[in-house]
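Structures incoming, each one as structure tokens.
Next come two complexes built around chain A: one with chain B, the other with chain C.
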Partner chain A sequence: MISGAPVTLSLEASVLETLRGFYALWPYLILVAGILLVLVVDWFQSSAKSQRVSWIALLACLGSAVSLTKLWPTVLDRPVLLGWNALVFDPFSVFFSLFFLVATFIVITTSRTSKELAGRRMGEYYALLLTATLSAAFLAASQNLVLLYLSFETLSLSSYVLAGYAKDRREGVESSLKYVLFGAVASGIMLYGLSLLYGMVGSLELRDVAKMASQPSLSFLLVMVLLMAGFAFKMSAVPFHFWAPDVYQGAPTPVTAYLSVVSKAAGFAVFLRFAAPMLGVPLFSQAVEEMPKELLFAFLSLLWILATLTMTFGNLVALRQTDIKRLLAYSSIAHAGYMLAAIVAHNQAAYEAVVFYFVAYAIANLGLFFAAQVIHADKGTFDIAGFRGLVHDSPVLAASIAVLLWSLIGLPPSAGFMGKFFLFVALVKQGIASSIASFYYVLVLIALANSVISLYYYIGIIRQMAFYEPSTMLPVCRPTFTARFGLATAAALIVAIQLYWQPLTDLSRAATGSKTPVRAVASYGLVNSTPPRNLAVGDQQ
Partner chain B sequence: MVPAEHALIVATILFCLGAIGVLVRRNFLFVLMAIEIMLNAAGLAFVAASGIHGQPDGQIFFLFILPVAAAEVAIGLALGVLLRLRYGTLDLWQIAQTRED
Partner chain C sequence: MTLLAVIFYIAAAVAILATGAVLFARNAVNAVLYLLVSLFGVALMMYSLGGAFVAILEIIVYAGAIVVLFLFVIMMLNIARIEQHKDLQPPTRPQLLVPVILALVLMADLGIAIYAAAAGVSSGKTITVTAIGETLYRQHYLGVELASLVLLIGLIGALHLGSAAWFTHQKEANQDGTC
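Moving on to the complex of A and B:
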């Protein structure tokens, strides 16, 4: 009854829709209120007590996260569209918003104890952090190119300032400089791609863009290449990764953790949403248009090459690093490569796997950057030498770091292993179903080979911690109870996910829409006017 | 009356000029200007495309590009001040060299 002709809403129904929209906006409004409050309160505080405003930022994150969990069942039933379909709150965007908020919460708690940030005015810092989170959330929810570009830029602009927040340090200025130059060029290229896309499609809505993809054209591929510049910059994928090592090294450690988790996840989220209809993955509302075979293959080949280069480059260069932040930067480039590899599989399982992988990756990375910060606070160095003999200083700290590294390698028992497992399963599944199986199998083999390479440098740190005597030149590391507790929790989570992964797979399945009941999605067509084509069968009730 | 396609060609040329400028210019301020040219080339393409399609969408997009570009310049200039204070120059090559020392 719904499929086919557009349905106009009755007045009552449209009022209800609007109210639902405002309900969905609550979490974001709380965040905005937090941003403003942080700035205003900081105004009235002395510099010495500036760190206090972090409580407001923490509360804003918490409030926003709680209202997001309230929103979750509603959007699971039926996504909410806002602002003339510019914003869509479906489980995908709500999940990513929640993910960003939890990560931001952790980053704020680590910022509070950071020595690199001590003695600075923190009002702007927390305001920018929350702004970046807000725009990351909107980036995951944007269905319109204007909003996509605006939130992309807001995220970038706040990250530029955050990266150079320690502006009296040489590395701070340098990292900000690199970030601004690379970011501005990447977003400029992306913007040009968007303008060409608009010229071809004649609409700024992602839905219409997806329709355009069903007509074979070389210029569409060119546009995708231009847009990939922007996405790859956010994901820190080759060839737009050059900024990552320097920025990760120069930025204050909490900011580095933020960039490696939230900013990267935002890049992946927007790319997943943007590419879903073209790759043939029904991500909720989006109508799946068959991309012509040759065009799809060309696009997949592009991703294939990017993924291979990204993980191989990241892992090979990481081998030679002696600075822990730089090493983690290259490792995070490599991880972007693994996730890009999963997207090549372009099926539902791949999308789930990326979401799952990101959670595992985020726990490990947030934990490791925090560990680097803790060690730096006592030993005053980010060199790997600081890890030497750590097990004598603090066994809990060393053991937790070892578990987190283990997870990044992807060895059992750890969340990282499950993440990699799901990635490979998605690829193999696609390989079995496809006529060009080796296209996918070779990618799996390359990813496996890369995991073996990464083993070397991750295990190197573990070896330094466990089997070496601590350097006598450096002071002993005495982490506080909170630091040890936080890291032990992260490590426990990593192991717990391996033992009991069902909740997380369910969550990632819900977030990418595999389990959304057909009825609920079909009624979505009411607002959307063009119901998803693949779900038309379910409309008969 | 100039056809909209011509504006698209101009936009492409401008974009390439901007990209070349980013690559070859040594002074940070000129690099910033080249980036601005890239952004504005995209803006011009938006306006031209909106003319072709007879819709206001592209022009609205351009209105949103303006503040973003301005914000980017604001951050860029602030960074320029910091660079000048620290290195005494805005020449990116010189800055890169002092770094290696």
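Moving on to the complex of A and C:
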């Protein structure tokens, strides 16, 4: 036995404690059941009918989402800690889980009609998609470095295979390989940072890590830099963005949409949770630790530079793209930059703004990748030339795409505008309160300038659609009713959020916990609130 | 510096050098053999820190199972091209020098370890199988479950990427399918 550890529970009691906490795990267990069922049922399908299993995947997502909404009031009341503080289910993680599930649901529906995936065995595809979603949800909920890394790696591994799922396509395989190489390096660097962190803190728990932040040390900053490599890889932020354009272009379009929304959001969610106590944002159960001023400023400067580089680089390179998927890849890099900029503000408003922004961004990106897929299905190209004169082919499609692009620029009336507005408000708020106001104001100006740059390439597509005659070389695009309906819904949502944003701001406020003070934390799977000490070298027999 | 620290640093040096040699090895079989040396070095490091069980696991699982499997795969893949490989000619003497030195140093290190064990030098903090089991299956049971999921998707991914029948089927579908 490990001495000093409060493992005084009998086996029976320990099992009971664990089981009692399982009600918070239900949504995730449904997903696991979905993964296994998809695999097994797929064995009994012929290749031609393999697409059928998508129904199981959809049902699993739906079931999981429903049970999560049932969990929502509970966690809003008091967060649930599970598995000796390994996972925390608070509104933040439950919100992100729901977000991932909805996005996955949409990606599955678009996968069903994708021509790039047609005629393939789909069992593995949906199993991997659900696994990725599960690990993304765990990533947003992990409170423990081991679980953080494990879910990070699960998400990465399933994304690698998904990116190269069409393995007979050269660019698909190439993109997958690039993704693996970059991912391996990034997660290697991150793992190094994690092991250093464990060496310094002597505990795997995030709240102990946060305590460490209150003591000024340069090595802690080094750890943060190393960890940023992993987070930036998932967010596709400069300088770990190199994989994004190639993978976005080479992967099947539904997978690209998935990577640009779920994978990126998971990266942001884990970073937001990890950095919250150090940035002074009380994200539910976490205690806020005062980081020494110099260390905090150094960390913020790092984020500042990262944000500036990311958005500027993304926007400038996007100007020269002719492939819609590459263009959206660079645009999504730029959007990661905007969100990183908001995190620099390190206040509650910034956290809310990022959550809000992500919803707006997800609607626009899922919609645009779906539009690219629809156009590719008819015209056989992802080139922007395929958008030429689209308004003659299908006015509804063209109008919806225009609204979604408008939202990505961040012009009113669109959800993207509200998102950017809240981001800038968070920064300005912090600037007013801070003694180094220009630090924040300059960032706002850079972000504004970047929005203007992005105007050029987004409007370029709208111009192609509206003011040019369709190319006679390419076939006419005839989207199905479902496709037009789906895209029109996305566009309507974008406008609706601008007109009535209150529910979404309420939701983002609830998700980041500024409204609900935490009264108590329900902990299951542990006796005292302190877990057994980790297996360290110093433990005596 | 205690005897165990000496063992640790020697093993660490060997592990780092061998891992570097993996990167610079001229052919895959040599690289795998260097990897084997590196893993033995890591095992000794674990041992010197008191993790005897982890050290054994390192050898049984990594060196014994994974690397040998790896070796088999390389041998199977390269079997047709073996004649063309100039690298696979018997190594010259200077080429042999590095692995021999590494192995000798590692053996000497192992000798020190055995001597230390015989002399009763121990770190006094041996981590037992029970302790590892307790930690894994109580504190980190969620991690263990998630690791099983990692293995599952590893399996699915390998199955997907490796299935040849599917590949030919797809080629036909592609020829008349996409434009």
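Just so we're on the same page, the second predicted complex is superposed on the first by the 496 of 541 C-alpha atoms of A that agree within 3 Å, B and C clash if a C-alpha of one lies under 4 Å from a C-alpha of the other, contacts with A are read in each partner's own complex, and residues count from 1 in each chain.
Just so we're on the same page, a contact is a pair of C-beta atoms (placed from the backbone, for glycine too) under 8 Å apart; a residue touches a chain by one contact, two chains touch by 3 or more.
What you are looking at is a predicted structure, and each value in this text was computed from that prediction instead of being measured.
> For A:239, is the partner it touches chain B (first), chain C (second), both, or none of the two (neither)?
neither
> Looking at chain A, does chain C or chain B touch more of its residues?
C
> After the superposition on A, what does A:395 contact: first (chain B), second (chain C), both or neither?
A:395 sits against neither chain B nor chain C.
> Between chain B (first) and chain C (second), which does A:191 come into contact with in this model arrangement: first, second, both, or neither?
Only chain B; A:191 stays clear of chain C.
> Output check: A:412 vs chain B and chain C. Expected answer is one of first, second, both, neither. What do you get?
Neither partner.
> After lining up the shared chain so the two structures overlap, which partner does A:87 touch, if you call chain B first and chain C second: first, second, both or neither?
The answer is second: A:87 touches chain C but not chain B.
> For A:203, is the partner it touches chain B (first), chain C (second), both, or none of the two (neither)?
first
> First (chain B), second (chain C), both or neither: which does A:503 touch?
The answer is neither, since A:503 touches no partner chain.
> Look at A:128 in the shared chain and tell me whether it touches chain B only, chain C only, both, or neither; answer first, second, both or neither.
A:128 contacts chain C only, not chain B.
> Mind sorting out which residues of chain A both chain B and chain C touch, each in its own complex?
Comparing the two interfaces on chain A, one with chain B and one with chain C, the shared residues are 146, 150, 153, 157, 160-161, 164, 167.
> Can you tell me which positions in chain B touch chain A when the two form their complex?
8, 11, 15, 18-19, 22, 28, 31-32, 35, 38-39, 41-43, 45-46, 48-50, 52-53, 55, 57-58, 60-61, 64-65, 68, 71-72, 75-76, 79, 82-83, 86, 95, 99
> Along chain C, where are the residues that touch chain A in the complex?
Its residues touching chain A are 49-50, 123-128, 130-132, 134-135, 138-143, 146-147, 149-150, 152-154, 156-157, 159-161, 166-167, 169-171, 173-174, 177-179.
> What does chain A use to touch chain C in their complex?
Going through chain A, the ones touching chain C are 1-2, 7, 14, 18, 32, 35, 39, 47, 82-84, 86-87, 115-116, 118-121, 124, 127-128, 131, 134-135, 138, 144, 146-147, 150-151, 153-154, 157-158, 160-161, 164-165, 167-168, 380, 531-532, 534-535, 537-541.
> Where on chain A does chain B make contact in their complex?
Of all residues in chain A, those touching chain B are 145-146, 149-150, 153, 157, 160-161, 164, 167, 170, 173-174, 176-177, 180-181, 184-185, 188-189, 191-192, 194-196, 198-199, 202-204.
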